[in-house]
Amino acid sequence: MSAAAQLEQTGILPEDAPVLRVEGVTKDFPGVRALDDVTLELRRHEVLGLVGENGAGKSTLLKVLAGVTPSDSGRIVVRGAPATYHNVAGAQRTGIGMVFQDQALIPNVTVAENIMLGAEGGAVRRGLYRWRELNRRAQVQLDKIKARVSPGALTESLSFAERQLVELAKVLGIEERIDAEPIVLLDEPTTVLEREEIETLFAQIERLRTCASVIFVSHRLDEVLGVSDRVYVMRDGKCVAELDPKTSDVHELHLIMVGRGLSESYYQEAEQREPEPAEPRLSVQGLTLPRHYENVSFDVLPGEVMGIAGVQGSGREDVCRTLFGALAQKSGQILLDGRPARLASPAEAVQAGIGYVPADRRSEGIIGQMSVAENMTLAHIWRVLRGLVIDRGAEDRLAREWIDRLAIKVPSHRAQAGNLSGGNQQKLSLAKWLVSDRLKVLVLDHPTRGLDVGAKAEVYALVRQLSDRGLAMVLLSDTLEETIALSHRIIVMKDGEIVDRLDAPASAKPTQVAVVEKMV
Amino acid sequence: MTVNVGVSAAPARSPWQGRAAEFARTRGSLIALIVLVVAFTAGNPRFVSLQNIHSIADAAAIVAVVAVGQTFVILMGAIDLSVEGVMSVSGVTISLLVANDRNSLDLGLLAIPVVLALGALIGFAAGVANTRLRIPSFMATLGFWAIGLGAATVLFGGSPPIIEQQSFLDIGLGHIFGFTKISYIALAVVLFAWVLQRYTRFGRYAYVIGGDESVARLSGINVDRYKILIFTFSGTMFALASILATSELGVGDANTGTGYLFTAITAVVIGGTLLSGGRGGIMQTLIGSLVIAVIVNGMILVGINPLAQQGIEGAIILLAVALTGWPLRRPLRVIK
Amino acid sequence: MLTVAAVAAVAAAVSSCAGASAPKSSAVGSSAVSQCNASNIRLVDSLRSLSNPYHAVWTSGSKAFVKSLGLPSSDYKLLLNEGDSAKQIAQVRTLLATGNDHCTAISVDPNENSDTEAIVTMVQKAGAYVTVYWNKNANLWPWNGYNHWVSFINFDGHISGYQIAKELFKSMGNKGNIVAIQGLLDNLTSQQRYLGLQKALKETPGVKMLGQQTGNWDRTQALTLMKTYLAKYPGEINGVWAANDNMALGALQALKGAGLAGKVPVVGIDAVPESLQDIKAGNVGYVATVASDAYWQGGAALQLSYQAMMGKLNVNTLPHAKRAFYASTILITKENIKKYALAPKPADYMNDWNNPFNRFVSAIAPGK
Amino acid sequence: MAEPTPQVPVQLGDSAALARRGTQQRKRWRETALVWMPLGVLVLLVGIVSTKNPSFLSLGSIQALTVEAAPLLFLALGQTLVIMIGGIDLSVATLASFASVLLALWLPSLGLAAVLAVLAITTTAGGIQGYVHAKTQVPSFVVTLSGMGIFGSLGLIVSGASTIAVTAKLGWIGWMTGMLGPIPRDPLVALVVVSVIAACLRWLPIGRYLLAIGNSELTALLSGVRAARVRVFAFAVSGLSAGLAATLLVSELQSGAPSLLNALLLPTIAAVVVGGTAITGGSGGLSRTVVGVLIISVLRVGIPVMGIDPSYEQLVYGAVIIAAVSLTIDRSKFAVLK
């Protein structure tokens, strides 16, 4: 239906009437019912929290609302009128915009072009771009969220967090574009943001409250409770509960989400055993790569988790890449069990017994088109070789064994890895390394990014087991809380240098504040 | 033939590296061109004689027009192999539509828009096959290559129609300040294409689609429409190139297009446009076309053994592309 | 009468030609005779493509000949390989596998020297009859166990290349500079023609060759090449020798562009309609071309294979001279252009088709 | 496709379980269809041709078809591996021509050694291209395009721009051609080699690595796969297959020439893609390529015997190619289609 028609609708709508009503929406994917007769409503000027485990259907619901994927049945009513759109453009004309979890930006064009993409409007006159106008309009959006990003900048030159902000600015553009108040869908917008960026974001959401309606999805339950007016909980594709944030807390929320309570020892801190003093598994000495990091030195004992804290650009990512041979260091050396290791390429790192669990598992952790078993043995095919030949029987056994040990939910070990849920994919990209008994060091690059509480807990448990197994682990994490809780020791990096080292024994964990003040 | 750089695993390039890479990619071809010119001039001073410059310009002109069409297709990450088919059928058709010794249609210069439309039509069909039938552009256009050649053979009917339209032949033979009109037309085409690339959705969306097609769709862009448009445009450019070539040849030749496909793609690639799409542009393609023309012309001027010429051309091209791409090299960079 | 022209053109050949005039078709009848009739006879051309005038004229000749035999046009089959050797061989193989081979007469223009042996061997096995033009390996001869390979017919490139060179030089007053445009470098005929040019150059000290490059038989390439020549040797070029008309015409376009058409004489080979017209017009400096007479080729080869197939010609008793020979070519210049400017009429050819050896010039002997 | 595990349906509820079964059946059906589609297209084409000319199904004709397919199959074999990792090899046909020249030149004097030497050379040549491609990070399209020019020139120079007839010791390769009972040898040889390579891909890690790189090279790299080596391997096999194709043709034609197989480049690529291997890499395999090669061969030799006006052959060829591909390719294999 046309925007004008909606205007009439909005005109006659009573104040408290829902701007968006989802009625019995159902959506099937091969092998799974993602949405099962979902019904909910979004009131005007409210922030609606949406929580649930991975695979609970949150993202699917948002995608249906945003016109990315059509629903199989049920209907969506926008401002009292049934919505007829079946693509993103249509949804936007109806006033519904979405910030996507996996970033939806074009790397090779300017920020301005991205923000105005598909809605250049007056910035294109008689088919010709007016660049100054385009940049001006983009700037307006960027100012809304106080993003210090130049509209003329090439998008790929921005940091991940900066891109996330551009993403948000892009969606806010809807405000001007349509003559009704926009409906903004935020799918885990905070996942990769740094602390102060998250603050700006929430400030922004507060502002949106006055002029728009927001659906906010996040795995950080405290965030959700903090920002939302109401919270819907989803499970197995159904809406199972509606809560008032003021009267409920994280534990209750979690209880409903997973059907079991959030155990007191969420991070299994009790499980944390202090490693016996021993020859360090991994010893990094005076590692230097100009313009990336300077003179980085630290030791990691067997069974020890070394957390590296730092903001974007602190150089901690680059250090990890160097450890895995993805980035060559200029000077300094890396010792494994006291012996210097040459890590010019990931291949050599794997040979040396170093594993790397990437943050972006979909494009770096697993191979979607290949089977679970094939993914597991990819890095250590020698485990299932008989002579030169792959022993499928052995491979099957190995795969089954690790599917059980990590409780990976999968129809069969020959199922395509791409069909697994996020949590199970993460377990798989861990299993890929665990199948090797030669593994000495494991680099965990944001191991719980985008995972739900349940999956996170399992990953934490796993980390504890691994340290018992005598593995040395280097951890980069999204949240300080996680870093502190999981690590035995923490080094804080800033501008490519180590600025502080803290011990984090189970008994006496440092406070977040203590770490943060060193970071910034 | 796709490039993707890991978000987290691929090391972020430090600014200066980025600039060096950008410089190499955008200016490298220009440097290569200069080096070649200097080298060949050393080999034979005649190389920079005005007359030779004219002949280089003419040689580069038609390639440039083909390459312009190809550039937009490659920018969006696809490829158009129908070049020789479209050129051949257009060449024969135009010769049959202007005054010729075969029939008495004689549409005069009106034939030009007609043939351009023919090229556009084939391009459009290829685009539809690509977007609607969902056949990779590589295969779809491969098919239209054969179809074009077939149609040309049928129309050709045994002997080349000889063109008697003086005004048409004049395009290829007439000179302005020593350069043939072809060169000027080619230049105009390049400038026009540059405006398209810089100031229109057509051009910008070519980059966008090359950058990330699915995102483009998410942003509500009618990707298929622009893809079809771009193939239509490339088809038109191939037809235009064929018209120019024919006006120069003076007859309708069923093999007008022979050799232009790889030459044009090479021109685009040497210019620094990545086959994976999203990077590059028209002006670089122009330089690329000149590089090719210079190589071919120069090898003859310095008198290189004909047997070795294609090999040396290949080597130079590889060298040029490798060197201009050198600073772009990064561990974990994926090039297919 | 064409034969006469041929004789006039190639004086050297007169005697041999007279000596070798039409064979009396009194050969012993072969078993094939009875069983072959309009319903199962196949007359086949295997050529490169219809997108070049030369083979187009060839096929029209073949069709005219088939008609002259009173056979339905459906008996004529045309195999096009588009310059793909593997395809040509495969097509012939399939052809032989899909019909009555004892009633199949074939004429082949092999894509490469290499193709010939494979093809004649298949034909020999299948029991069809074949006549081959232009290309074969030097050590391959019909009389070495191929009594189903009637003849190998070629046109002496040395002669054609030499003749047009001489005409070119004459028009230049036997002095000045020329540039040469060769055909495909790995093509025997192209090489022969070039040797012919060099022979003429030796005989004519006044003429100097500035440069030689390949135009790969291609018109556009020749055009670009000529432009480059003009730039490389400004004002120095007095004549252009091209290994075929297609390229000569390309070069001519370049000369037109440079305003030199008519001032710089051009020669080529093949006698394509266009060059004939230019010679006739005489205003653009197209001096001479040489006709191997594709129209005749089409009919003649089919005739040989056909006669052998029908038992009218006994291959086994045929002298070597007739199983591998150079056929006459016709030098076409302003003097004799009138005769050839117009489209060929079947009537003019009947005699030379019925007596395919009429155009015999000289035997191709081993080691020659 | 996998059977559901016990606990999942419980979790999802019966309706969902039903839904899953339905969708899974549909998916399974689609996949089977895609596996058999190329074969279906082949049968269809043969059917059409043989209705026009029944003798196309005669033993001799079928033998002729398979013989024609043999060299194409060799070239397509290497091409398949390269395309599986998402690259392309434009030099394979020209390299084969070059090889034919070398073989023809050396066979008389060296005999078997010549064959081995030539195969070694082509394999190395292919490998070098792969290495240059991997190290300089220049797209395979460009590297092999230059390779095309370079090998072309080498062939011309080495042969002195002429056809080289094999005068002696043909026996060393002669056994590849001719008949084995009713079965022509060429396709047999080709099939044997293809099966060997196919077995390697199935049972050796390299096969995994090829697919892994084709699907997600980054993951492969981060799993310690030495992608550069796998690349070199793929292109080396491509070179080897070029050498084998040359050997086959030389043994059939008893001579080699600098442009003997050049025209086979596009048919080769067409064969691979028509067989159903995604041009973007990451899927497909040699069995599909075998079918693809047969389809292309039927087109090459079939159209002429159908009695279509020869001047229309190219038209038909192009149209049929597009139609065939639109039926055989697995569109689910490419996320975005270029």
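A, B, C and D label the chains in the order they appear, each numbered from 1.
Here is the rule we use: a residue touches a chain if its C-beta (ideal position, glycine included) is under 8 Å from a C-beta of that chain, and two chains touch if they have at least 3 such contacts.
Owing to the predicted nature of the structure, the values given are computational and were not obtained by experimental measurement.
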**Message:** Strictly by the touch rule at the top, which chains does chain A share as contacts with chain C?
**Reply:** B, D
**Message:** Let me check something: if the centre of a chain is the mean of its CA atoms, which chain is farthest from chain D?
**Reply:** A
**Item:** Rounded Å distance, chain B centre to chain D centre (Cα mean)
**Value:** 28
**Asked** Taking each chain's centre as the mean of its CA atoms, how far is chain B from chain C in angstrom?
**Response** 37
**Request:** Averaged over CA atoms, how far is the centre of chain A from the centre of chain D? Could you give it in whole Å?
**Result:** 42
**Item:** Of all residues in chain C, the ones touching two or more other chains
**Value:** 50, 185
**Asked** By residue number and range, which residues of chain D touch two or more other chains?
**Response** 156, 161, 218, 221-222, 311, 313-314
**Complete:** Residues of chain B that touch two or more other chains sit at 4, 6, 9-10, 149, 153, 157, 307, 332
**Asked** Considering every pair of chains, which are in touch?
**Response** A-B, A-D, B-C, B-D, C-D
**Fill in**
Note: in the complex, chain C contacts chain B through residues 49-53, 56-57, 59-60, 182, 185, 211-214, 218-221, 223-225, 227-232, 234, 249-250, 253, 256-257, 272-274, 277
**Asked** Which of the residues in chain C come into contact with chain D in the complex?
**Response** 50, 77-80, 82-87, 89-91, 93-99, 112-115, 117-118, 137-140, 184-186, 188, 191
**Prompt:** Can you list the residues on chain A that touch chain B in the complex?
**Reply:** 68, 87-92, 100, 104-109, 113, 117-120, 124, 127-129, 157, 160, 291-292, 317-318, 321, 325-328, 345-346, 356, 358-360, 363-364, 445-446
**Prompt:** Which chain B residues qualify as touching chain C in the complex?
**Reply:** 44, 46, 49, 51-52, 54-55, 58-59, 88, 149, 152-153, 156-160, 162, 172-173, 175, 180, 245, 248-251, 253-256, 258-259, 296-297, 300-301, 303, 306-307
**Message:** Please output the residues of chain B touching chain A within their complex, sorted ascending.
**Reply:** 4, 6-12, 14, 18, 198-201, 204, 207-208, 210-212, 215-222, 278-279, 331-332
